[in-house]
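Heads up, the next two complexes both have subunit A, just with different partners, subunit B and then subunit C.
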Partner chain A sequence: MSDVDVKPVIVVEGLGKTIKGRAILQDVELALPAGQVVGLLGKNGAGKSTLLDLLLGFALPSAGRCSIFGHDSARLPEAAKAQIGFVPQQDELVGMLTGAQQLGFVASLHRQWDRALVDRLAREWELPLDRRISTLSGGERQKLSVLLALGHQPRLLVLDEPASALDPVARRRFMQEILEIAGDPTRTLVYSTHLVGDLERAANRLWILREGRLAFDGELDALKESVVRLHLSASRDFATLPALPNALHASVQGRLAQVTVQAWEPAQAAALAAQWDVEIEVEPLGLEDIFLALHA
Partner chain B sequence: MFILHPGSGVPIYRQLVEQVRRLVAGGQLQPGVELPSVRELAVTHAVNPMTVSKAYSLLEAEGVLERRRGKAMTVAAGGGARATLAQRQKQLAPQLREVVAAARQLDLTQAELVALVRQQWGQGS
Partner chain C sequence: MSTYLQLLRIACWQHPLQRVLTVAGAALLVIGPFLPVALSPPGSRLPQTFLGAMLVLVTPILLGGAWWRALSAPRSLRLAPHGRLRLLLAVFAVVLTATLLWLGCYMLAFLVQVPPQYRPGFGDYASMFTLTLVAATYLSIGPFIAWHSPAGLLAALCLWLLPGLLLRTAGIEMPAEVWQRPPGWAALAAIWLVFSAWYLRARRIAPSGWLKPGGQMLFVPEAVAAPRGLSPRRGVDGLLLGGATIPRLALQWLGVVFLLLLVQALIAHYADSEPLRVVAVMFWTLSLCAIVSGALGFAIAQRSRALWLLAGLDRAALYRRCEGLLLRAGLGIGLAFGLLFALLWSTLAPHPPWRWQYLLASLLVPGLATAWLGLSQVKRIVWWDAPAAVALCAAWYVGTAQPLFGISGRESWGLLAAEVLGAVVLREVARRRWATVDWPRGVTPR
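And now, the complex of A and B:
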């Protein structure tokens, strides 16, 4: 992997967006090297789609700036745009065309187009290309949108809820294709979704937005190692809730207490056990539980 | 060969590292045995290939695995030496803690738990 370009693919500096006096996004700072798969997480309205819109130059920032491949997002040259694939949340398909016609049209806009890849995926994903788009199901429309974004083999692929309408079988096939791309150290993915299980498989990095601010930017593995639930059992009832450093959430029932903490280090366990005179069981948390704990 | 739970709180790379260590320590993976390629494992389990290569790199650094030039990851000659009883017992500690904690929640006695372990052992895998 030594020959890989180490310059960041995406750089975001002091980025903010205000719409009608309301701050949608504030003070976002990011730098993403090539070869990463980033999962973008956040509650509804946390600013995910706004961040993607600003990154891709579909909207202008109210503060700060962002760039892709070293070019300001607001003024991306055609050569840079040709290296980006985007699957929007609301697809932009033309209902009166067939899938094959729309694919042909988009292919004609690109200098390179991997027809074999598109044909193979359409077959594997059981997508009927000869039907009018207006007659396709929600899941079929999503599959077509993904094909439109993959055909030119972009170096940066941005996906906004690409698999929300896919059934579990289709989603697994889609994920395998995503992982195939993830295996190429020159290609980068940004993947926004509420399907936390998909991110646990595909993403190596996470951006978590909370109320328009970046609440986490780091490796998924590091997050899983740093947010844990402690089960404390004492010899008698807890008089008060144990106040632990970095606690996100705590509850007590008799001589048992549960505390979810962040910035956890395994070495802390012994010290806390002695301090509170308790036995400590450390429970690692899945991403969904971590997400809930960070929003408690 | 491996059992991976992406939704678990234990990062996937650590699940993989621990399982390879156990299989090697127990002699189930003998020195010279080739492991599946990063891509193969990633696609089979539908997990990020970087996660798999992170696990392999850690195991290589520990001397459990070795990468022959241009070849697949293999179990290292030295790393394949069967671990001592104490080392192998230690590797079971996390699972044991969980079982004992669950048994306590169920108000089982030590003898009742041991009886269950015997019974399960008798049933094979």
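And now, the complex of A and C:
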């Protein structure tokens, strides 16, 4: 394994961004090793796109620093940039070119270009490369943006809402490509999306942003194990809600109660059952439910 | 807010630059006639007043057609009860407002400067109102057609020429007099009726083919050479210029402006216009160079975000690359305009009362400043950009337009030097902005 592979691909230290007096990001600390597929989640306005802009050097931080492949994001050298692929939320295609022309121009800027991959994907995704980009639909433009980001086989692929305009068939094919990339231990993927189902399939790590701060950074499986919903069943009606540590959300209906908790340890179940004289059933949650609970 | 007020807001108050122009224009309009010193001989303060009115009206005149199209195009407008009718009535109300503003300028100027016995009467004002309404009608419906597409522009130009040609064919030497009589009023009403009938019944009104994100831009190269085997440098240049090359850009502008000049020559020929005025208008057309170079700088700035990763350059190097390309492209376009200038200078007579060196410099130098103003738009700072744009417009008006149209015949090399100095300042502003830019998201390059 080379020296580069051992170091984290992304390091973020005390990162903050303030725009016109409003703090968009505050005190974000991250380290992402190579080979990970990280999902970036957050509500609208949580700071996801700003974080990606700062990571890639499009914007300059107001506080702290971030680096990619060991280089300051604000001053990425050519060699580092050549290893990055980026699909922006709103495409940056030149409307007056045809898809083939835009691909040609971008290909000319890279030392290596996997023409076979691009041609195959363009064919599979039924992308009309001979048409002017300005006449393409939103989904077709998005497919082209993805092709442009994949063509040079980047070691770090950053995707900002890449599949929001794709139809289900195209999204399935796109996810297949993403899963293929995810299987390559030398390649790292940062994937921001609201389609949590896609993330569950591809990501092994998660960053959750909440009001500009990092609310969670860890393994997806660990999050799913630690946030669960407890179904409590008592012999008589609950007078008050059981006060559970780390409870995110609770509701009571007669002698039944539901409590969503984080930092859950399976060993807690027996102790709590004995303490409240209830039966406890632990329900694992999907990522969407976890996200909703964390933002409740 | 009523549709009329909404339209007025879009026309004069939407963008910070519009607000600056509107406030500056309104202020000049009000205080212009009372200024102790006339800006131009022979002591008349009318130019100040009309400069004020023009500052207010310039944006709606230039972009009104595009906005009207954009507002008419959504299918949802057809779902709104009488949506198109309300929009049409609001547009007509805005046209009337502009007409009355223009007429008000005359009234104010006459009120302040002319003794009561020489002031125009009601009949004179009625004639002026009709003529102004004819012009305003053309400046609203004409651009609406012209903003459709290049073919629309051609159609609008033809419609502009047609009435004059028809009247001349009918043996009427002074078309303006016809507009002031009942047949002229009927013709004006007929124009609005015919247009309204089409506008209200049209199944679909297309958005502007010049501006819409999904539409074609004018003068787009139709076929770019197959991009296989491009060098990285040419790849970057190609992306920044939207697939065009510098020679192609220069040739396109050479062709387009030559066509414009040809149309002007035809109009002048048929309208039997005053020769010196024709010469002034044709030379003045060459000041388009400043707008072209500003737009080019702006387009390059808009496309630069994608190149931050692709080109592998840091901010300073990327700026230098973009600036170098802009200067080379500007030189190419400048050469095209220079060629046209040489053509005009050698064929037109009489010449404006200047040396050719000054005239050429006064037409091309503003382009330097606008190019860097455009390039600095990678990041917008309204409190700086708006006054800078207004200052450039003012310098261009005083240094180029005023002398050309005979308001003042002086060569003003000092002003040109100031414009060059302004360009140097704007270059420094652009360089500093690029050094610390946070590229905005959501800007779709064309």
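FYI, the second predicted complex is superposed on the first by the 292 of 296 C-alpha atoms of A that agree within 3 Å, B and C clash if a C-alpha of one lies under 4 Å from a C-alpha of the other, contacts with A are read in each partner's own complex, and residues count from 1 in each chain.
What we mean here is this: a contact is a pair of C-beta atoms (placed from the backbone, for glycine too) under 8 Å apart; a residue touches a chain by one contact, two chains touch by 3 or more.
Small disclaimer: the values here were computed from a predicted structure and weren't measured.
Considered on the superposed subunit A, subunit B and subunit C are sterically compatible, since they fit side by side. Rounded to the nearest 10, the angle made at the CA centre of subunit A by the CA centres of subunit B and subunit C in the overlaid structures is 150 degrees.
In the superposed model, C is the one of subunit B and subunit C that contacts more residues of subunit A.
Of the two partner chains placed around the shared chain by superposition, subunit B is the only one that A:Leu285 touches, whereas subunit C remains out of contact. When the two complexes are overlaid on their common chain A, residue A:Glu161 makes contact with neither subunit B nor subunit C. Looking at the shared chain after the overlay, A:Glu225 reaches subunit B, while subunit C stays out of its contact range. When the two structures are aligned on the shared chain, A:Val37 is found in touch with subunit B, with no touch to subunit C. Contact with subunit B, but none with subunit C, is seen for A:Ala203 once the two complexes are overlaid on the shared chain. Contacts of A:Glu140 after superposition: neither subunit B nor subunit C is touched. In the superposition on chain A, A:Gln176 makes contact with subunit B only, not with subunit C. Legend: residue contacts after superposition of the two complexes on their common chain; A:Glu78 is shown touching subunit C, with no touch to subunit B.
With the two structures overlaid on their shared chain A, subunit B and subunit C come no closer than 27 Å at the level of C-alpha atoms.
On the subunit B side of its complex with subunit A, the touching residues are 6-14, 38-39, 42-43, 46-51, 54, 97, 101. Interface residues of subunit C, counted against subunit A in their complex, comprise 213-217, 220-221, 224, 226-232, 234-236, 238-239, 242-243, 303, 305-306, 308-314, 436, 438-439, 441-446.
Residue ranges on subunit A touching subunit C, taken from their complex, read 49, 53, 56-60, 75-79, 81-82, 84, 86, 88-97, 100-110, 132, 134-135. Considering their complex, residues 35, 37, 172, 175-176, 179-180, 182-183, 197, 200-204, 220-221, 224-225, 228, 231, 281, 283-290 of subunit A touch subunit B.
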